[in-house]
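Labels run A, B, C, D, E and F following the written order; every chain starts at residue 1.
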Amino acid sequence: MKEKTKPNRILVINPIVSDRFEEFDRNFFNRNAYPLFEVKVANLTYGPASIESYYDDSLAAPFVVQKILDAEKKGFNASIINCFMDPGLDAAREAVSIPVVGAGESAICLALMVGDKFSIIDPGPAKYVSRNPTKQVRGIGVESRFASSRGVGIPVLEIDRDLDATTRRISDEALKAVKEDGADTVVLGCTGFAGLAPKVQAIIETPVIDPALAALKTAETLCQLNVHQSKIAYPKPPEKLRKIQFLQ
Amino acid sequence: MKEKTKPNRILVINPIVSDRFEEFDRNFFNRNAYPLFEVKVANLTYGPASIESYYDDSLAAPFVVQKILDAEKKGFNASIINCFMDPGLDAAREAVSIPVVGAGESAICLALMVGDKFSIIDPGPAKYVSRNPTKQVRGIGVESRFASSRGVGIPVLEIDRDLDATTRRISDEALKAVKEDGADTVVLGCTGFAGLAPKVQAIIETPVIDPALAALKTAETLCQLNVHQSKIAYPKPPEKLRKIQFLQ
Amino acid sequence: MKEKTKPNRILVINPIVSDRFEEFDRNFFNRNAYPLFEVKVANLTYGPASIESYYDDSLAAPFVVQKILDAEKKGFNASIINCFMDPGLDAAREAVSIPVVGAGESAICLALMVGDKFSIIDPGPAKYVSRNPTKQVRGIGVESRFASSRGVGIPVLEIDRDLDATTRRISDEALKAVKEDGADTVVLGCTGFAGLAPKVQAIIETPVIDPALAALKTAETLCQLNVHQSKIAYPKPPEKLRKIQFLQ
Amino acid sequence: MKEKTKPNRILVINPIVSDRFEEFDRNFFNRNAYPLFEVKVANLTYGPASIESYYDDSLAAPFVVQKILDAEKKGFNASIINCFMDPGLDAAREAVSIPVVGAGESAICLALMVGDKFSIIDPGPAKYVSRNPTKQVRGIGVESRFASSRGVGIPVLEIDRDLDATTRRISDEALKAVKEDGADTVVLGCTGFAGLAPKVQAIIETPVIDPALAALKTAETLCQLNVHQSKIAYPKPPEKLRKIQFLQ
Amino acid sequence: MKEKTKPNRILVINPIVSDRFEEFDRNFFNRNAYPLFEVKVANLTYGPASIESYYDDSLAAPFVVQKILDAEKKGFNASIINCFMDPGLDAAREAVSIPVVGAGESAICLALMVGDKFSIIDPGPAKYVSRNPTKQVRGIGVESRFASSRGVGIPVLEIDRDLDATTRRISDEALKAVKEDGADTVVLGCTGFAGLAPKVQAIIETPVIDPALAALKTAETLCQLNVHQSKIAYPKPPEKLRKIQFLQ
Amino acid sequence: MKEKTKPNRILVINPIVSDRFEEFDRNFFNRNAYPLFEVKVANLTYGPASIESYYDDSLAAPFVVQKILDAEKKGFNASIINCFMDPGLDAAREAVSIPVVGAGESAICLALMVGDKFSIIDPGPAKYVSRNPTKQVRGIGVESRFASSRGVGIPVLEIDRDLDATTRRISDEALKAVKEDGADTVVLGCTGFAGLAPKVQAIIETPVIDPALAALKTAETLCQLNVHQSKIAYPKPPEKLRKIQFLQ
C-alpha cells in the first residue's frame, strides 16, 4: 500500500436528482478517505429527489447502474451506492468488474463485528418500530443478529433543516432500541445522516455506525485487497437488446 | 362470487420490450382464468428484451411500476408481474392499492403446500447447480424448504425455438434435482416456460409448478377475497420530485 | 378452464362431530367458489366437538383421513381440512392422490404475499400473546415472517354467540398485533371465524386473511393446475394391518 | 435419589397392534433402567401394525394418548412413546401431567450434545437420501445441526428377520452419511432398531444413538428432577364432547 | 445397568479457584446421582473466583481442560463442567475420549423437551432483558425456541448470601419471562443456583431446569449408553509444542 | 483522516509461542497498512505452537487477552487476533475498550459483500468436506450464506515448507468448493495462508479473502471511525479474584 503512488479513484453515487448533498459529501468522503484514495461524488440526472421507499429505489436503480457502467469506463477503481437501501447494488455488481459497495450492506456487515444485536434507526415514520428482520436483513441472512428497526419521522430532505433536532430524535430512538429492543449496536439507516454518528454515539454511549463511512472503508478495502465481486455470483449480463433511453 | 356479474380485470405485464409472447400469453392466461376474470397482456416500451439478471431486473422495474400505476388508473383490479424475478414487485405494491402479484413469489409460496422441498429449474447456465438458498428465497424467508436451483442453459429468447428440446432439458435437470438434491417438488423458474409444466410433470412424475399460472391464481384469489397488499408493509410513497421521463 | 364443463367437486371436512356449521359452511364455500367448482361439506361421526388443542387435533385426524379416503373413492377432485390446526393434513396427503389442503397452511402461505410480517389471531385464551413462532409456523419454515400469535379468549363453540362481540375482540387483538408486535398482515387463526375477515379488515384497515377461503382458493388452484401433493414427499403408505374400527 | 425407596413406574407404549416386540422391549428397557425405575410395556389394541408414515402416525396417535391418560390414572410416573415419529406426543403432553417423552425428540436432543451434525438412519426406502431438514427436525428447530436422512430400505416388520443384515445396512448408510453428508453423529431413526446401536457404533466408530434408550433416560431424568411438561405450552384441554369409541 | 456392579465415576469441575461450593456440590451431586454413579467434585487451583463473562470463561478454560485430561488418566468415566457458560467444553471434548458434559448445553437441550419456548434467568445485571438469542443459543442452533434472557442482578459470589431473596428475584424475573416474553419453560442460567429450581418451580408453577442436574443426568446417560463425543466433530489434537505451565 | 498526523498503532497478536512468522507478518501487515497506521506484531510466551483445534484455541485465549490488556495500557489503538479461530475474541472485547478484531470473523463478514455463498478452505485434514455451517458460522449467524468447509491436509506449521504446493492444494479444494458445493467466494481459513490469496485468486478466477488482511482493514476502519466494541454486548468484567500466574 505504502509503495503505491497512483491513487485509487472511487465514485460515490448519490442516487438522487439533486446536487444539494454534493459538496458536503465530496468534503465528507475525501476528508475520511485514506491518503491514496480520491473520491468523486455524482448525482443522478433522472431519478427521485430522495429514496424512502422501494418505489424510489426502483426508480433510481437503472440510473445508478448506468453511472457505474460509466465510472468503470472512465477508469474509476470502485463505486459506492450512497443510500442505505442499496438501489441497484446487485445489478451494478453484474454490470461491471470494479467493486460496487452498498451503504446499507456495509453498515450491517460492520455492525456484526461491533456487538451482538443491532438496531437500524432510519428516517421512516415516527413511532415506527419493528422487531422483525426487514427484507434487506433477511436478504443478507443475518436475522438472528437483528434487534429492531425504528423510524425517527423526519423525511430525508428535511434531515438537515435542524441537525441538532435530528440528532436528538435519532438518539431518542436509539436509546429506546437499546432499552426496549435489546440492541447493543446502532446502525444509522440513512446516508443522509452522514456525519451524525459521532454525535449520537456521544449521547447514547453505544457504538453508532455511519453507513456512508462503512461503505467508503469497504470500498477502500476491496480496492486494496484487489477483491472484486464474484463473477459467479454476479455474472456479466449477456449482450441483448435493452431499449432504454438514458438521458444523463 | 357466483353472483358477481362484472368481471375483474387483471393486467399481466410482460416486463420486456417485445410483443412476441403477447398473443400466446393473452390466450394462455385467458384460457386459464376463471370465468369472471378478464386478462389483458402488456409489454414494455422501454426495458430489456428479456430478464436474466439483476441488471435486466433493475432496467425493467421502473417501467413495470409505471405500467401498474397506469393499470390502477384505468380500473384494473389486479396486476401480475409476469417474470420469475419479480421485477418491481415491492415498488409496485407501494405505488398502487390494487393487488400486485409476482410470478416467482407466487410459485414458491404454492410449492410450500405441495411438497416438503422444492427445486427451481431456470433458464440459467447449463450445469449450474446451487444447494444454497438464493437471495429471492432468503427474502421470502423459506430457506429450510429449498432444495436447489438448477439451470438448463437455454437463453430466455431461445426457449421456444424447440419446445420439445426445452422440455427435455427441464425434465433432465428436474430429475437430477429429485435424485441428487432431495427435491420433491419442482418450480419452473421462468415465465417463459409457461405451458410446459404439464409436459414436464408427465415425464418426471413429480409436481411441477408454472409460475405464470401460480401468479394468475394468486391474483384471482386476492381480487375475490378483497385482500390487497398491506399498506403498513407497503405504504404509499409520499409525493416529491421524481424526475423521470417515461416514454411509453 | 373456461372450456371445461364438468365441475370439480371439493369436499370440505369440518373435523368435528357436529353439523351446526354445516349449512353455514355449505353456503359460505359455494358462494365463494368459482363457477366450475361444487363444494360439499361433511362433519365427523366420531371425534371432538371442536379443535382447540393438539389433543383434539389427534382425536380428529384419523377420522379426517378416513373421510378423505372416502372422498377420493367417491370421485371428489380435492379435499379441504377446514380447521386452522390442519389435523391429519400430512397423513391424508399420503393416503390419497387428490389434493388435500389445510386451512392454516393455506392462510399462512397467502399471508406471505400480502405483507411482510403476519400475526395469527385465534380463539385461544385471552391475553395470550407470543412473539415466538409456533410449531406450525416452524414446520412450514417461515419463522422470520411471523410477528405474533394472540388469543381472543372465546371458545370455538361460542364464537357465533355474539358475532359482533367476536369481531370486536378479534379487531382489538389484531390492532395490538399491528401496534405492539410489528404485524402488517393478520391471519385469522380459526375457521370458526369464517366470514368475519371483511368486517375485521374494515375496522383495522389492514389485510385480514380468512383461512377457510384461503383453503378454498388453494384447492381450486391445485385442481385447475392439476398439481397434486408430491408423492415423493407424501408416498402412499404400503398395505399392512391397520386394526381400526371406523364407525362413520 | 439414593434415599428414595418407592420406584418410579414408567409406561412404554409401543404404538402398534402387536405384542411381538413386547417381551423384547420389557427386557430391554428394564435391563437399561436405573434401579429405582420399573418399566412396563404396552401395545395398542387398535392402530397400525407399524408406523412408517404420517398416516400410521395419525392412526396410532389417539390410542397412544388414551393409553397415557390411562397410565396417569393408574399411577405411572412417566410415559414413553416408543416410536421415532413421536405419534401423539404433543397431544399426550396436553392430556396428562406426568412427563411424556418421545423417542425421536429425545434422540435428536441427545445428539446435539454428542457432535456437531447428525444424520438420521431410518427403515425408509433404500437409496433415500435427503440433506434437507425433515418437518420433525424443523419442528424441534435444529435445522442447522442436521446433516441428512437416509433410508435402509427394510420395512419395520422385517427389521428382525436378519438382524446382522439390518446392522450391516444401517452401518453402510451411516458410513455414507459420515463420508458424503458431513455427519459426525448417527441417530437411529426407528425404535425397531433397539439394541443395534452398540453394534453399529463398533462398525462405524462414530457415536450412534438408540432412540428408545434416549427416551428412557429422558423419562428417568424428568421423573427424578420432577420436571413435567410445561402446562403453558401444553395446557390441559378443556372438557367438551369428544365422541370417540375407544375399544381397548 | 442393573447387572453392573462397578460404579461409574464422574468428575464435576467447578471452574473456579475456591472450594466454597465443594462440599455443597459433593452432597448435591451424590444425592442426585443414580446408585451406580459416584461423583467427585474438584475446583481449579488457578483461574477466576467465579465465571460471569467471556473473560472469566477464557481464563478458566485451559485449567478446566487440564483437569479433565487428568480425570481421564485417573479413570473417571465422565466429566461435567459445572458452569452455565460451558468453559472449555469443546476443547475438553477434543482432548479426551470420556464424555464431557456442559451444564448450559445440557439444560438448554433438556428444555427443548419440556416446553416450546425457554427463557434463561441468570445472575447478570438487574433489568437486563434480551429477546435475541445469545451466542451460546446460536451456537447450539436453537434460536427459534429461545424466548429471552433475563438477569437478576446478583453477583455469583453473593447468590448464597440470602437464598430466599435470590429465589424471589429469580422467580420475579421468571414470571416476567412467562408473562412478557412468551416463555413457557425456565432454564436457570447459573450452576450457582443449584438446588433452587424446585423452589422457583413451586412459586411460578412453570417448569424450571437446574443446569447442574441436567448435566449430571446427561453424563450418566452418556456413560450408560456408552456414547462418547464424536471424534469426527472433536478430533484428538495432534501432539505438538504447547508451552504452558500448569501449576495445579 | 488526511489531517491526522499521529499514527494509529495496531498490535497484531500471533497467538502462538513462536516468532517464526513474526518478521514475515511485521512486513506483511505494515506493507498493507494505510499510511497513518503502524503495526507491531507480538507472539505469546506461553501457549500452543499453532492453533488447529478448540484445544489450542482454549490454551491460547487467556494469553491473548493478557497481551491485549497490555496493549491497551501501552497505548495501542486497536488489536488484531491473528488466527482464523479468533481465540479470546469475545473475552478481549470485554477486557479492553480499544477495538479487538478477529481474523475469522472479519474475513467471513467481508465475504458477505463479495458474493452470495462462501466456502472456507483451511489447513484441516485432507478430504475433509462439510456442507453444514460450523459453530463459528452459526455464532456469527450467517448459516444461509455458507457453502462448505474444506481442508487441505497441511498442518499449520508445514504451510510454508512448500508454498507453491500449498497454493496448489488450496486452489484444488477451492475449485471443488465452487464446482461441487456451490461457493462463489473463497475465504482462506487460516492466517498462516497470509499472502497466498492473490495467487489462489489468479488460479481459480474467483474472489479469495485473506483473513489477516480482512482483520487489518477492519481494525483500521474501527480506529478511524472511532467505533469500538459495544460495552453493552461486551461489558467490562467486574474486579474480583482471578488467580492466574501470567509469565510473559
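Definition applied: contacts are C-beta pairs under 8 Å (C-beta built on N, C-alpha and C of every residue); 3 or more make two chains touch, one makes a residue touch a chain.
Note that this is a predicted model, so its numbers are computed, not measured.
Common neighbours of chain B and chain E under the contact rule above are A, C, D, F. Residues touching across the chain B and chain C pair largely coincide in numbering: over half of the numbers involved belong to both copies.
Once the centre of each chain is set as its mean CA position, chain A and chain C turn out to be 43 Å apart.
One inter-chain figure worth recording: chain C and chain F are separated by 51 Å, centre to centre, where each centre is the mean of the chain's CA atoms.
As a whole-number value, the distance joining the C-alpha centres of chain A and chain F reads 26 Å.
Multi-chain contact residues of chain B, defined as those touching 2 or more other chains: 116-117, 131, 135, 138, 141, 143-145, 234. If the chains shown are joined wherever they touch, the resulting network has some other arrangement, not a path, ring, star or complete graph. Chain pairs that touch one another are A-B, A-C, A-E, A-F, B-C, B-D, B-F, C-D, C-E, D-E, D-F, E-F. Here chain C touches chain A in the complex through residues 116-117, 131, 144-147, 181-182, going by the rule given at the top. The touching residues of chain C, when paired with chain B in their complex, are 1-3, 30-36, 101-102, 105-106, 109-110, 112-117, 140-145, 178, 184-185, 197-198, 201, 205-210, 213-214, 217-218, 220-222, 224-234. Those residues of chain E that touch chain A in the complex are listed here as 129-135, 138, 143. Chain contact summary for the complex, chain C toward chain D: residues 17, 45-50, 52-59, 61-62, 65, 88, 90-95, 125, 135, 138-139, 141, 155, 157, 234-235, 237-238, 240-245, 247.
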